[in-house]
Every structure is written in structure tokens, then in C-alpha cells.
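One chain, chain A, links the two complexes that follow: it is found with chain B in the first and with chain C in the second.
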Partner chain A sequence: MSIKDTVNDARSKWMEGTGADNDVVISSRIRLARNLKGIPFPHFMSDADAANVIHAVRIAAENTELVKQVGAVEFTDLAELSSTERQILVEKHLISPHHAENIKSRAVILAPDESVSIMINEEDHLRIQCLQPGLELEETWKQADKIDDLLELTLDYSFSEKRGYLTACPTNVGTGLRASVMLHLPGLVVSKQIGQIVGAISQLGLAVRGYYGEGTEAYGNLFQISNQVTLGQIESEIVENLLSVTNQIVNQERSSREIIFRDNRQLLEDRIYRAIGTMRYARMITSQEALKNISDMRLGIELGLLKGLTFEKINELIILTRPAFLIKKAGQEMEAGERDVLRANIIREKLSEIKFD
Partner chain B sequence: MSIKDTVNDARSKWMEGTGADNDVVISSRIRLARNLKGIPFPHFMSDADAANVIHAVRIAAENTELVKQVGAVEFTDLAELSSTERQILVEKHLISPHHAENIKSRAVILAPDESVSIMINEEDHLRIQCLQPGLELEETWKQADKIDDLLELTLDYSFSEKRGYLTACPTNVGTGLRASVMLHLPGLVVSKQIGQIVGAISQLGLAVRGYYGEGTEAYGNLFQISNQVTLGQIESEIVENLLSVTNQIVNQERSSREIIFRDNRQLLEDRIYRAIGTMRYARMITSQEALKNISDMRLGIELGLLKGLTFEKINELIILTRPAFLIKKAGQEMEAGERDVLRANIIREKLSEIKFD
Partner chain C sequence: MTKIINGNKTETNLCEVCAQEENSIGMGPNWMLQNIVAELFNQSISGSPQVQVTRSKPIQCEQCGFTDVNFSQVGKLGCPKCYEVFEQKLDPVLRRVHGFPTHTGKIPQRTGGSIGLRRQIEELRQELQKAVTREEYEKAAEIRDKIRGLENQLG
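This part shows the complex of A and B:
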């Protein structure tokens, strides 16, 4: 898949809807921060340094063994992409918002199925990211570790025996590892247990935030949980800790759904089917309302109601209806109202293939 | 059509959606109040008097010429019907709520297509009602007048040269005529002109009220306009006056729709199609919300948007989703919540035959 396909197709490997506990866990992500020895961190380095980093990483990523592992990787200089295209990479979670903002001496390397992305000259020289569907933190960690090792065959990382991997921001020093999961938690939101759970998780050194939306609002009931600490723990501890907490949340979410479904089945079914009715017929829809309906439809699949619909289709809808994707589709900038019309059109088109009744 | 068909089928002649100005006017109705000479008004009469009235009217209605005009009429003693069945006749506008309340010595005579109904021993000995689709007041008046004449061949009406037809309530003395139209006025409601128009109409001796809903609320944007005065005017004046006012309202409603459609087309289309989405997918729906959506769908037809849908289907939906019809369908009394589920089921079934996209 070329970068042009990547920015035109809403689908990615991590959206397949497969993997363990896929009724609650959408995706698992591992990110490693790495820097090259003897070169200043990106915010201090010269243009020549930046070019050297890009060159070195590009060569390292073309390692035969690495290509065998993840497929023929594609290198892209961010300056080759339009601002909308960079924003689409952000919406697909392939690069960070920070990376998309500044195009000077920045690049990204992508695996053909988009399960691996390496940002070059973001906050650190390298940010290696592996993204898999479902709760597959250990697998994903193994994959990231393997890629890290293969890159290290060629690259000389900045590493201190005492502190571990050195990074631009002190919060990443040590393992340089951030592990995260994206969860769909409508049961805990409807039963109003989410606040308490967020509080408890924060006590464990993990961060919870709504994936979309601002402040305490989590549009679409999508939450991301990630580790905060990278120093003083070994990688496997970080991964195991997040996995164990996630397993508990998965169980709590399932119990909540069971109780709600048992006690308010008709209300819940009504809510799920009304979401479909709105998505299939609305002529204008905001991104926030679309996410709310997508969440209700996903819950419908999770409860075994909507046979014709798949998690993959749901994930695709989430990405398809994001602003940059809509602008790309329209071929021009649009007012919010125009985006709402185009969003409704795209949703109707996608759902027209599906039999719901 | 037997009375059992009448209470099992939501359709009536007046719901056909045909007739003049059917984009605004649902139906036209003429009602004549008549009493028999020498017999006390119903609230004062003896059981023997009541039986005599029923007998006399029944014989009169079997007049060959009348049967030739309206078809083989069917006589029904209200005591033969269950309370739900009587309520259905009210919901279909074939008898008055007052008539359905008390079954002692009361009867109704119906034409096969339900365009004519004669209530016996309601407030007056006879209430002759003719109901036609669209704005057809003159035609409907001619029909009522003809039936009145044919009944008078046999019946001796209580009539004073000075005061006209004598009736139980002084407001009906004179012509005994009440003419009314049922209108769908979403344009005037959305553009907030309805309040002013209601005020102006009241000044003209006409009454306006929401067809469904309480107080100033008119659920489904359905309004009834009728004359208040029956004394001191001849029949044709009453009919002409209502017709002329209705024509003005029809034009105002059409202008409002045109302006709204021109200035807010996307918002309006969104509203109309969302109504369809909700009606096609909801699993529970209140009578009030159903009427709101039915009104939006009707507006969709009026604006030329919904090709597969007809006024007849819309009118049928209004009647089908009324409480007594639902109870009849369920075969038992139901809680409001159960009615909402059954209502949603019936709506989905009705709309499943239609292609909207």
C-alpha cells in the first residue's frame, strides 16, 4: 500500500475488529521513543543533523530481516504530503498531531498494513509504533521489540546503563515505552461507573482520557488507557500492568452491559435501532452525533443484535467521518455545515450495503 | 363493510388523501343536528322515546333512494360494541367522544365507505355527518343536504319557521349545521405565524383547535377549523365563509412552505428524513412523537420529496397508532410503555413496504 492509498482508504490493520476481547478492546498500541547517539534531540538539532537522522533511519528500516517481518516499508517525507493528508495520518493514528504540525525535516515510515509506523524527528529521533486490533498488548510489544532490535543492528541508540534510553522529554526516559489500549465502554458510561473507575486507574499510575471530545466528555464512549511512568520499571512490567488493569475493566464493562441489557432491554434496543435510523436517513450530522450513534451501533453488535454489521465497518465509519478525511473526499476546505452534509452522505452510502432488519 | 371491518381497518373514505388542495387540507366535514317532532331531546327522553327514535331513524335510513346514494347502510346498536370498538369509531371520526361514552339507547348508521355516519340519540336525536377527503365543503354539504332530504321523506323534524331546526343545545339552533376542515399546517407552525392566524380566524366567528394534543399544542401540526354560529345564517353562507377562510389559509401555508424550503432546504430535508429513520427503526415510540414524525413525513410528500409514500398511508398511520386501535390490535388493555412498543412495531411493519431512498 502506497502513502496515497493510505490517505485515501479509511481502513487500517488495527481497525479489523479482530483480536482478543474485541467486544470491548478496539486496539492495542506500543510506542518506543529512541534517539541516536551523538546527535542533539530534534528541538536542538541542525538541519544537517536532521538529514543525517532521516538517512540513517531510512537505511536501517530497509534491513532485509525487518522487511521480511513487516513487509516492504514505505518512507515518506512529510513535506511531500498536504496538510490534509498529514491530518488523515493523525486521524488514522499513524502519526502524532505534533508530528503533523511541522513538516521541516520530518518523515514517517509505514508498514504496508499500517500496523507499524516509525516517526522520524518528532519529539525524539525515532518513535516506533506498533498497533494491533483487540487486546494484544504482549504480541504488539513483542513486535515492537523485534523491530527495535532490527533497527539497532544498524543504528546506535542513545542509552545510559543507569537511566536506560535517553529521550527529549524526561517522562519518557528509561524504557521509552508507552503502552496503550483503546476501549469502548458504553456500559460503564450508561451505568455511571466510569468516573469512579477513571479515578481508580489514575491511582495506579495509568492515564485515562476520552479518545474524542474535550475535558471529561468522551464522545462515542471511546477511552484510551496508557502508562504514565517509563522509568524504574522494565518493559514487561509496564505491559503486564496495563494488561491486568485492562482485563479488569473489560470484565466490569461486560457486567454492566449484561445488567443494562437484562433490566432495560427495550430501551437499549430502541436506542440502538434509532441510531441506525438516524445514520441511514439523516441529511446532516455533526461529528459528535455521528460518534454517539456509532457507539450505539457498536454496542448493538456487542450485544448480538446487529448481524449484518461488523466491528471493522464501525471502525471504518469512525475514521471516514473525521474532518480531514471529509476534506480529502470533497477535494476542498469546507464550512462545518457542508462537512455535516458530506458526512451524512458518506454514512448513508456505507450503510446502504447492510441489511439491518 | 360491516361494523367489524370498520373497527379492524384503519382506513376510511375520508383518509384517501384525494380531493382539492390535498397538500394542505386532509378532510372536509358537514354535520347536521336534527330532532323529531313531539319527542323530548335525548337528555330528557324516556327509554320508550329513545327506542321509538331509533326505530324511526332506522326505517328512514333504509329508504331505497338513500341506499342508492350511499350504499347499503349498516345499523349498529352501540351496546353491541366493546368500549375499545366504540373508541375506535371516535378515533376514525365516525362518532363523537360524547356518543361513545354512554351506550344506553344509542346507535349509529354507517355508509359502507364510512363517508356518511348518522349518530342516533347523541345530544340530538340525529347527527348526520358527511366526511370527504380534501377541501370539498360544497360537495360534502350537497351530500349531507341530500341525505337530510331523503330522511325527511319519512321523519318529521322539529322545526320552527322563526328559529329553524330546534336542537338540544342553543348553539346549534337554526341551521343545525357545523362545517369543519382538518388542515396540516407545518409551514405556519415552523414560521411561527400560526398564533396570529388563529387569532384572526376567531374574530370571524370560526373556531380553531389542534386536532390532537391539549391546550395550545397541536401535535402533528393538525388543526380543525369550524363555524361557531348556526343561527341567523343560511347554510350556503356558513359553507362559503369557511371555504373562503380555508382558501386563504391554504395559500398562506403554501407560501410559508415555499419560503422555508427555499431558505432552509437542507435543514428541512434532514428533519423529514430523520423522521423516516426514526419511524423505520425505533422500538418504542409515544403517540406524540409518532404524530410529530408523521407530520414531517407528510410535509415530505407535500414538498415532493418522498415519492414512495402517499397521503393515504400517512392518514392510515395516524389512525393506526391511536390508543384504542392499538388495544384492539393487542387484544387486551396495555400499559403506556407496552403501547409504545406495539406502536413502533406497527409503524415499522407499515413502512417496510415502502422504498424511501
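This part shows the complex of A and C:
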């Protein structure tokens, strides 16, 4: 898939809705921060250094072994993309918001299925990201580890025996590893257990936050959990720790759903079918309302009520209804009201092909 | 939405509602973390009396020119060498952020040098110790030979 397809197609490998525990876990991500020896970190480097880093990483990523692993990678200078297109890459989780902001001497390398992306000159010289659907942390770590080895065939990483892989910010030093999972937790939100769980998780060196929304509000009941500690633990320990905590949350979420389904079945069904009703017929939908309804419909699939709908379709709807994607679709900027109309149109069109009963 | 970062202006044309949304995705925690780290670093400057004196004269990295004052402003270091230059002040920060200040994970092939080999020898020595305590002398001899082999590789 070329970069032009990437910014026009909402779909991506991580949204396939497959993988282990896909009734709760949407995706698993591994990110490795790496820097090149002897060169200042991106926020403090010269243009000449930045160009050298881009050149070196590009050559490293196009090595035949790596291409054999992940497919023919595509290199894109961020300056070649419009701000809307860069924002779409953010919405598809392929680059960070930070990377999209400042385009000078920045680039991204993407695998054809978008499961691997390498950001160049983000906060660190390299940010290697592997993203897979479902709870597949160990597999995803293995893939990132392998890609890291292959890149290193021609790159000299900055590394110290005491501190490990050296990064611009000391919060990433050591392994440079950030492992995370994206979870759908409507059961824990409805049963009001989520606050307690967030508190408990923070004490285990992990961070939880709502994926969309501000402060404590998590629109669409989507949460991300990731490790905070990157130094003093080996990579497999970090991954194992996140995996075991995630497994516990998955079980908690499932039992909450069972209880709600058992005790309040009608209320729950009503909520799910109302969401479908709104999404199929509404003429204007805000982003927040769309996320709420998408969450209810996803729960409908997870409980086995909505046979015609798939996780993949639902994930696609999330991305299709994000702001930058709508602007791209419209080909122009829009007022909030116009955008809500377009969002409702797109949702109706997507759902019209589906038989719900 | 116009942002100016390091003197570079970027413009994204989003309405107010979208701008708020876009801002909220993934931005919060990292930004906060960097500020907290910078603050910890500041504390380690003002916390000890002998470093107080150096405050008037910033420590500067000889390789990239970054100073400890720069770090306390942005929460990031200038280059890999800075980790050595600011070692003393960074140590307490790393302990507080990560709990343990020493790397135990992956070692790169090209720039890792003999670290991997030395780590392997260290692990074998511990095994040897255990074998001796358990009076498993045959196993101990085996391990000892392995250690010798690796030590020869170290040269």
C-alpha cells in the first residue's frame, strides 16, 4: 500500500479485529526508541545531522532481510504530506501527534500492511513501532526485536553499559521499550470499577489513560495501558508484566459484562439497538456521540447479539469518523455542523450494507 | 490551530472542537512526564549544597554544548554523551523514575562491545557458586571450563 492509499483508506492491519482476546483487546503495540552514536538528539541537532540520520535509517530499512520480513517498505518525508494527511497518520496510530507537528527533517517508513512504522527524528532518531490486532504482546515484541536487529546491521546505536539504549528523555532510557494495549472496557465503566482498577494499575509501574477524550473521560470506553519503567527490567519482563495485568483486566471485564447481561439484559439490549438506530438514521452526529454508539455496537458484537457486524467494520468506523479523515473526504475545511452531517452520512453509508438481525 | 515549536510554525486547519480532540490524543501524559523529570532534575541541583555552587556556572556537555540548565527547561538531554556529563545529577532522577538505575536488557551487536560476553561470564560465575554449594562438582567443572572459554574470547 502506498502512502497515498494509507491516507485515503481508513483500514489498517491493527484494526482487523483478530488476535487473542479480541472481545476486549483491540490492539497490541511495541515501540522501541533508538538513537545513533555521536549525533545530538533530534530537538538539538543540526539540519545536516538530521539529513544524515534520515539517509542512514532509510538505507538500513531497505535492507533485503528486513524487506523479506515485513514487505517492501515505503519511505515518506513528512514535508511531502499535507497537514491533514499527517493528521490521518496520527488517527491511524501510525505516527505520534508529536511527529505530525513539526515536519522539518522528519520522515516515516511504513510496512505495506502498516503493522510496522519507523518514525525518523521524532523525539529520538528512531522510533520503531509494531502494531498488531488483539492481545499479541509477545509476538509483537519478537517482531520489533527482530526488526531492531536487522536495522542494527548497518546502524551504530548509542548505548552505554550502565544506562542501556540512550534516549533524548530519561523516561525512555534503558530498553527504550514502551509496550501498550488498547482495551474496550464498557463493563468496567458501567459497573464503576474502572476507577479502582486505574488506581491499582498505576501502582504496578503501568499507566492507564482514556484513548479519546480529556481528563478522566474516556469516550468510547477505550483505554490504553502501557509500561512506565524502561530501565532496570529486561524486555521480556516488561512485556510479561503488562501481559499478565492485561489478562486480569480482560477477565474482570468479561465477568462484569456477564453480570450486566444477566441482571439487566433488556436495558443492555435496548442501549445497543438504540445505538444502531441512531447510527443508521441520524443526519448529524458529533464525534463524541459516534464514539459512544460505536462502543455500544462493539459490545453488541462482543455479546454475540449483532451477528452481521464485524470488529473490523467497527474499527474502521472509528477512524473514518475522526476529524482529519472527514476533512480529507470532504476535500475542504468544514464548520462543526457540516462535519457532523458528513460524519452521519459516512456512517449511514457504511452501515447500510449490514444486516443486523 | 497554530503551534510554534523550536521556531517552526505549523498550521493545522481544524475547528475548535476538533482542535480540542486532536490535542487530547496522546499528548497529555508525555508532556507531563517531561516536566516532572525536569523538576526532579532541578531538585537534585538545589538539593545538595556542593552543587549549589555550580549553579552559577552551568555544566556543559563538551560534545554538543547542551547544559544542565537546558535540561531543567526541556526535560531532555542534548546528545548521548550528556548521560556521562550529567551523570551525578541524572542518577537520582533515574532512580526515582525507574526505581533501578542500571540497564539489564538487550545489548546491541555493533556498539555493545564485550558487554554481552562479560554479562554471560557473570551469570556463569553465579551458577558455578550454586553448583559448588550443592556439591555438584562435575557440573561445576563444566561451568568453569565454559567461563575459561569465554574469558579467552575476551582476551
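One rule holds for everything that comes next: the second predicted complex is superposed on the first by the 357 of 357 C-alpha atoms of A that agree within 3 Å, B and C clash if a C-alpha of one lies under 4 Å from a C-alpha of the other, contacts with A are read in each partner's own complex, and residues count from 1 in each chain.
Operating definition for what follows: a residue touches a chain if its C-beta (ideal position, glycine included) is under 8 Å from a C-beta of that chain, and two chains touch if they have at least 3 such contacts.
For clarity, every value in this text was computed on a predicted model and none was experimentally measured.
Trainee: Is A:S244 touching anything from chain B or chain C once the two structures are fitted on A? First, second, both or neither.
Mentor: A:S244 sits against neither chain B nor chain C.
Trainee: Which of the two, chain B or chain C, is in touch with more residues of chain A?
Mentor: Result: the larger residue contact count on chain A belongs to C.
Trainee: On the A-aligned overlay, A:V90 touches which partner chain: chain B = first, chain C = second, or both, or neither?
Mentor: In the superposed model, A:V90 contacts chain C only, not chain B.
Trainee: Report for A:K162: first if it touches chain B alone, second if chain C alone, otherwise both or neither.
Mentor: Once the two structures are laid over each other on A, A:K162 reaches chain C alone.
Trainee: Based on the superposed arrangement, let me know which partner A:S2 touches: chain B (first), chain C (second), both, or neither?
Mentor: neither
Trainee: When the two structures are overlaid on chain A, which partner does A:P170 contact: first (chain B), second (chain C), both, or neither?
Mentor: The answer is second: A:P170 touches chain C but not chain B.
Trainee: By the touch definition above, which chain A residues appear in both interfaces, chain B in one complex and chain C in the other?
Mentor: Shared contact residues on chain A (touching chain B in one complex, chain C in the other): none at all.
Trainee: In the complex of these two chains, what residues of chain B are touching chain A?
Mentor: Its residues touching chain A are 266-267, 269-270, 273-274, 276-284, 337, 341, 344, 352, 356-357.
Trainee: Which residues, counting only chain C, touch chain A once they are in their complex?
Mentor: Within the complex, chain C contacts chain A at residues 3, 5-6, 8, 10-18, 20-22, 24-30, 33-34, 37, 63-64, 66, 74-81, 83-84, 90, 93-94, 97-112, 115.
Trainee: Given the complex with chain C, which residues does chain A contribute to the contact?
Mentor: 35, 37-41, 43-44, 83-84, 87, 90, 96-98, 101-104, 123, 145, 148-149, 152, 155-166, 168-171, 173-175, 177, 205, 207, 209, 211-214, 228-235, 286-287, 323-324, 327, 333-336, 339
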